[in-house]
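Each chain gets a letter, A, B, C and D, in the order it is written, and its residues are counted from 1.
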Amino acid sequence: VDEVRAHLWQDFLRVRGQTDALCALLSPEDQQPQSFADASPTKWHRAHTSWFFETFLLLPAGDAPAHPAYQHLFNSYYDGVGSRHPRPQRGLLTRPGHDEVSAYRAHVDAGIERHLRTCTDAQLTALAPLVRLGLAHEEQHQELIVTDALHLLSHNPLRPALQPLLQPETPSAPAKAPADAAWIEHPGGLVVVGRDLPAFDLVFDNEGPAHKVWLEPFALAGALVTVAALRAFLDAGGYRDPSLWLAAGFDQVQRLGLSAPLYHRRREDDGALLAFTVQGERVLHDDEPLVHLSFFEADALARFLGARLPTEAEWEVVARAFVSDAERARAGVTVVGGALSLLLPPVGGPGFFGVAWQWTQSSYGPYPGFAPAAGVVGEYNGKFMVGQQVLRGSSSYSPRGHGRSTYRNFWPPATRFQAAGLRLCRQL
Amino acid sequence: VDEVRAHLWQDFLRVRGQTDALCALLSPEDQQPQSFADASPTKWHRAHTSWFFETFLLLPAGDAPAHPAYQHLFNSYYDGVGSRHPRPQRGLLTRPGHDEVSAYRAHVDAGIERHLRTCTDAQLTALAPLVRLGLAHEEQHQELIVTDALHLLSHNPLRPALQPLLQPETPSAPAKAPADAAWIEHPGGLVVVGRDLPAFDLVFDNEGPAHKVWLEPFALAGALVTVAALRAFLDAGGYRDPSLWLAAGFDQVQRLGLSAPLYHRRREDDGALLAFTVQGERVLHDDEPLVHLSFFEADALARFLGARLPTEAEWEVVARAFVSDAERARAGVTVVGGALSLLLPPVGGPGFFGVAWQWTQSSYGPYPGFAPAAGVVGEYNGKFMVGQQVLRGSSSYSPRGHGRSTYRNFWPPATRFQAAGLRLCRQL
Amino acid sequence: VDEVRAHLWQDFLRVRGQTDALCALLSPEDQQPQSFADASPTKWHRAHTSWFFETFLLLPAGDAPAHPAYQHLFNSYYDGVGSRHPRPQRGLLTRPGHDEVSAYRAHVDAGIERHLRTCTDAQLTALAPLVRLGLAHEEQHQELIVTDALHLLSHNPLRPALQPLLQPETPSAPAKAPADAAWIEHPGGLVVVGRDLPAFDLVFDNEGPAHKVWLEPFALAGALVTVAALRAFLDAGGYRDPSLWLAAGFDQVQRLGLSAPLYHRRREDDGALLAFTVQGERVLHDDEPLVHLSFFEADALARFLGARLPTEAEWEVVARAFVSDAERARAGVTVVGGALSLLLPPVGGPGFFGVAWQWTQSSYGPYPGFAPAAGVVGEYNGKFMVGQQVLRGSSSYSPRGHGRSTYRNFWPPATRFQAAGLRLCRQL
Amino acid sequence: VDEVRAHLWQDFLRVRGQTDALCALLSPEDQQPQSFADASPTKWHRAHTSWFFETFLLLPAGDAPAHPAYQHLFNSYYDGVGSRHPRPQRGLLTRPGHDEVSAYRAHVDAGIERHLRTCTDAQLTALAPLVRLGLAHEEQHQELIVTDALHLLSHNPLRPALQPLLQPETPSAPAKAPADAAWIEHPGGLVVVGRDLPAFDLVFDNEGPAHKVWLEPFALAGALVTVAALRAFLDAGGYRDPSLWLAAGFDQVQRLGLSAPLYHRRREDDGALLAFTVQGERVLHDDEPLVHLSFFEADALARFLGARLPTEAEWEVVARAFVSDAERARAGVTVVGGALSLLLPPVGGPGFFGVAWQWTQSSYGPYPGFAPAAGVVGEYNGKFMVGQQVLRGSSSYSPRGHGRSTYRNFWPPATRFQAAGLRLCRQL
């Protein structure tokens, strides 16, 4: 049991430290605004992830609140724990300041350390899953910190890089797509999807129960769709051809006057494709995977390419069979020595994890027999089960080791600011 | 073959005549405005249903257009046939007037009659499915004419009835729910859902292909949820309790300040539940089925009642097994002698058809192997397959005989003006 | 006194009859919608002008209301007489229908006739000014019926004419601007502006009290600005040059993407200037006066032409001195034999009345010593005295004889759908 | 001439230093967001006031720009000097950061110092008015820094004070309004208003030319309207009585659901009037002058009190006659020793300057013969001359010494966040 305590504390330190290291890339000013209503300031992310531990662990254990107003200010969407500050006004909370939020984080860290050290073994059994949930929750916010900051910086005509010195590790493979980029065939039939709640490991409630799904034979692409496909789509006038789009998608295109994915543009003089990235704006190469697609764009590209999006069940059974644990564990971002360290997978590699979330044609809903977790944490996933599409895998902004083959990410189909791409599927 | 011609023409006359009889309940002024962007004026419905036959049958056969501008004015959403008038401005089209639209309908009727009479047998084979599609399309608009007119009239403080003399036929059964209102159990397993395109009958493309689905054991309620449940929900403060709602649903409740379903209100003096109906505003009885629920309201009521919404597959396999063709054919509305004739099913009866569309928890998407029909008619269903929920059955405003156990109706989850209700489901 | 009764009744019949004749140009469908929130349906104008007589004359005299709901439905903005139907929803009131509104008008006419015939001489003294106010009010709505209908029809791709057969009477003067189009100089000094309430004639309360104003020497143009000036403005890129505009005006230009006044466009092939008018769309000639300008456009054109807009005092002292009563009485529209009869003034004539309302640089406010009329009719003018600009003169849609040199029309500066033009002014 | 250089440089140092001292009350985070589209971040104010000197003095003199992007980022509304960053997105400019903006200020200060020291006497003649304009401009922004920060902080549930230690100097007079609070009568007649451009002192272009205005006899209140009047207005249901309001004002009240001026609320338990101020939220006393009124509220209060707002000419002739230069010079805010030093005038004193801007019934327009200054600085005032109301005097947030009897402040009538109050006027 002491090993469990030690292990939990070690994980706690690691994940919390990654948040701090990541946020150190951003100035107090960078951490203040929110660039649209569904984004949050970095400072708020830092406070909210601490609020989560305080609310679901420290307060129930009898600790006094760090500040009487923080319960209200840093609640995201939990109706069961009281009122909350209006989401679109998070960027106006200049107080508490950057340093006060750092103090709040330290206060919460100390509380968790104390509880982990002093609780009984029985208490530990109840505590541990909540700590793990809190860490998984904080890892999700680490990704949001990147995507929200990228969105904020993209509004600045100075086109600042989130981190000017960032260098992705050199791809270890040639630019040509290797043989394993070919289609991966699956015979279909009755398969099991999802995972029941394990005793010791964290799985979000929406990943279960494990259940049977009937699949027709299909094939899944062995690599993600790349910039070359976008170039062909643009050259073919894809953004002006309604026959390639779902009606709601083409509505968005026309209403917003879209002619490329978010952050992407064509340079006027030479037609090169540029994207605004964590490294600032840069020229894209044809064999890079596409990111920052909306579901509508992913769906239109798939149709343009004569294929379709996979269902989440199709994606999962293939990912489970073809991706090694080692590959999965290697994917994702860490901060090392004050710099983002992106371990990009080999160009042309399968890219199930650590490159781009992959839109599916499955809308986000409950699995058969799903019941939300008891208590307030039951608000974590279940109440969002309408009007969103499932994404699978993980992205290059996801924390290293955060991916799972049963993991269900979800966003509304119009969402453009997430690191989402596309893997093709077709019927056999 | 001559029998096919005769039969088609008879059907054509019947359906077109029903539209005319229905619209005769409304004055030229009633037929002019649209009360919100997604509604259409009655006059426009009358013209658009004629445009459908002209565009997909008469013009391809070489007929001259009735008017050069009608192709633009009365196109609903078909990108493949050219431009269209902005949807929110349909209510501003005072020209052509009521009588000119009647003349347009007569012109199209004459064209169809001529083609059905003079075409070769080979041509007839191609023509017949399009005529049947056009008639099914017109029947869908007959229901919209009622729901759009009800919405329009609801804005008038005079609270006019769509038809003051309307009398529903006397329910043939006692007010007590009969035994068949109990739960209908299903053992689950691998079932077949949907229907392949038949040779002779009309099935919309989105109803196929027939395909296998795995179901866990479940039970479906033998009757629709009634006004009594709404009363209990209101008494329990349901509209103020976020734990009963999906997050997007509670957002809508708060943003619009909702405290009851559309058209419903509680009378201040005695607390009676009133609803604005085609008969004007009237007191509701506890054993009437609920209608005009949004998906969010249906979902919240199901949760309040300790159950859930069925999936569309669950609904379909039970409806196929338990509803006789005769019952289905009897359901729905006709216009007889200048009055709507609602043949309501027995109170407390199963109510799969002819009472209220039933929201499912299934989002509207393509069945495995779905491909839209070739050509422009392929825009009919496929391009709306995102962000909507499937409804099954049919309503009391659906034309008599329009229901099918494989029929997939779909609306966004926030939709409140459709005649939609709720049938409970639970896991076994 | 009997002469007063007869004269009033004659005026009543004439003005009410003009409304009926004007509306007969529009079908029941044309009379139903409103094309934007600040417009009203023709049918509503017809009912509201009757409501005015009923509310301020018949009901106070003890008559029973024609219908219990009409007080609510047809109140425009009088808080003092009770609730009112939301303005943007006037177009949804399909009931009462066209014929019921005609019956309402006849009912009110009969009531007024009876009261005028039977009241005592003392009552007549109180009644007469209210009848005259009601008629002046109805004349204002006659102009709005034209401008609102023009706006509605402009949304129809069929580009229907309000009256296809409309023929303006032939201009009685040559197309060349005559000598009196030169600048009219005024030496300035202390002048009297406005008019005190006369005993027998109608003057709106906002036209008084008469008061002194000091003017510096100035010159007012002897003719209105014409299409030729707009052509020069467009050729010079006027809609893209912020230095010509007030900031709020250029904001509107950019927000709405304006490149010409409302209803105006340049034909692509030959660059001809076209305008949508009561006669449908037609080519404009260089020597026609400009109409349908916003204040912002009038101001920008004046700046472009090296001049400025006059103040309302400058306009008034010149109009009073230079326009004969005969000229003024001749100006404006009537309906004769089922057709609008526009007696247009000589092209190049002074055009103070009957051509286009003339924007001034004066914002609409109270004259020194102004007090609203007592009672509810005091809401007629005073409560709108902020955020609007004064227009002077009258337009070709104003009823014949409606103009006065002290008359103060007013609209927000962004208003584009009124028949407003521009007369230049400059300092001497 | 050397004295002119020295004096200018001294003024420059003083005004720029006041900005720095004022902003030192706010953290880098406080200086980042904008709480509504028409507010600006403190950081942006600091940069923009420096941009003004750089753009209109340093660049024309041949200096290189401090940064190529600053011309775009910190331009407020000058179309004549190129593009500008969208106003509602100023709060998203996290780069340049707080310290970089401080460096920009120092860079501009050094440039001005160098030019003042090295320019010829002839150049100085051209330079001096621009420096004075830049300083007057910076003083205007000092007031905006306070009002914008107050608005930002008011959104924070912590209700932080702009400066917790702020202590207004003790009022030097008793709480009872002295005799000079009585009405100040003026006989009217032909008066001169405004001021021609002087040779040596700064007067904004919109304050001239001096011109004659005819006034009827009137009386102006000798003190500002106080909290006691607001209490009476609230008690009388003033926010629910349309007869007290201009129509556009009552529209705003209903649309926003207003029941008190901005920042004001009634405490539920004891009905005390509270206001959010630079000192945080505090209880108001009956004899304090009202601030943070919109024009609509000021106008309604005047009507409620049986009076009216003055015209700007009425205000000016009285202020000129009754306010000593010493009194005027004493009014306004400075920052001393890291704290705002508000020298509030005696309670019940005349309060023409240094307490609250005073709404007039005059809309903001050009004086007769007005012509904007030549060049880009001509955009300073003229292009806003529509849709706004003039305010006179100065407020407790105005920099000390900034007031003038001819000074014309202007805001749209719906503006609620400015330190604006009300002085009554009535006809004699």
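By definition in this document, contacts are C-beta pairs under 8 Å (C-beta built on N, C-alpha and C of every residue); 3 or more make two chains touch, one makes a residue touch a chain.
Everything numeric in this text was worked out from a predicted model, so none of it was measured.
When chain centres are defined as mean Cα coordinates, B lies farthest from subunit D. The distance from the centre of subunit A to the centre of subunit B, with each centre set as the mean of the Cα atoms, comes to 39 Å.
Averaged C-alpha coordinates give centres for subunit A and subunit C that are 60 Å from one another.
Taken as a contact graph, the chains are arranged in a single closed ring, with each chain touching exactly two others. Within the complex, the subunit B residues that touch subunit C are 27-33, 35, 43, 69, 72-73, 85, 89, 91-98, 152-153, 155-158, 160. Within the complex, the subunit B residues that touch subunit A are 77, 79-80, 190, 211-216, 242-243, 245-250, 295-296, 299, 361-363, 365-366, 368-369, 383-387, 389, 413, 427.
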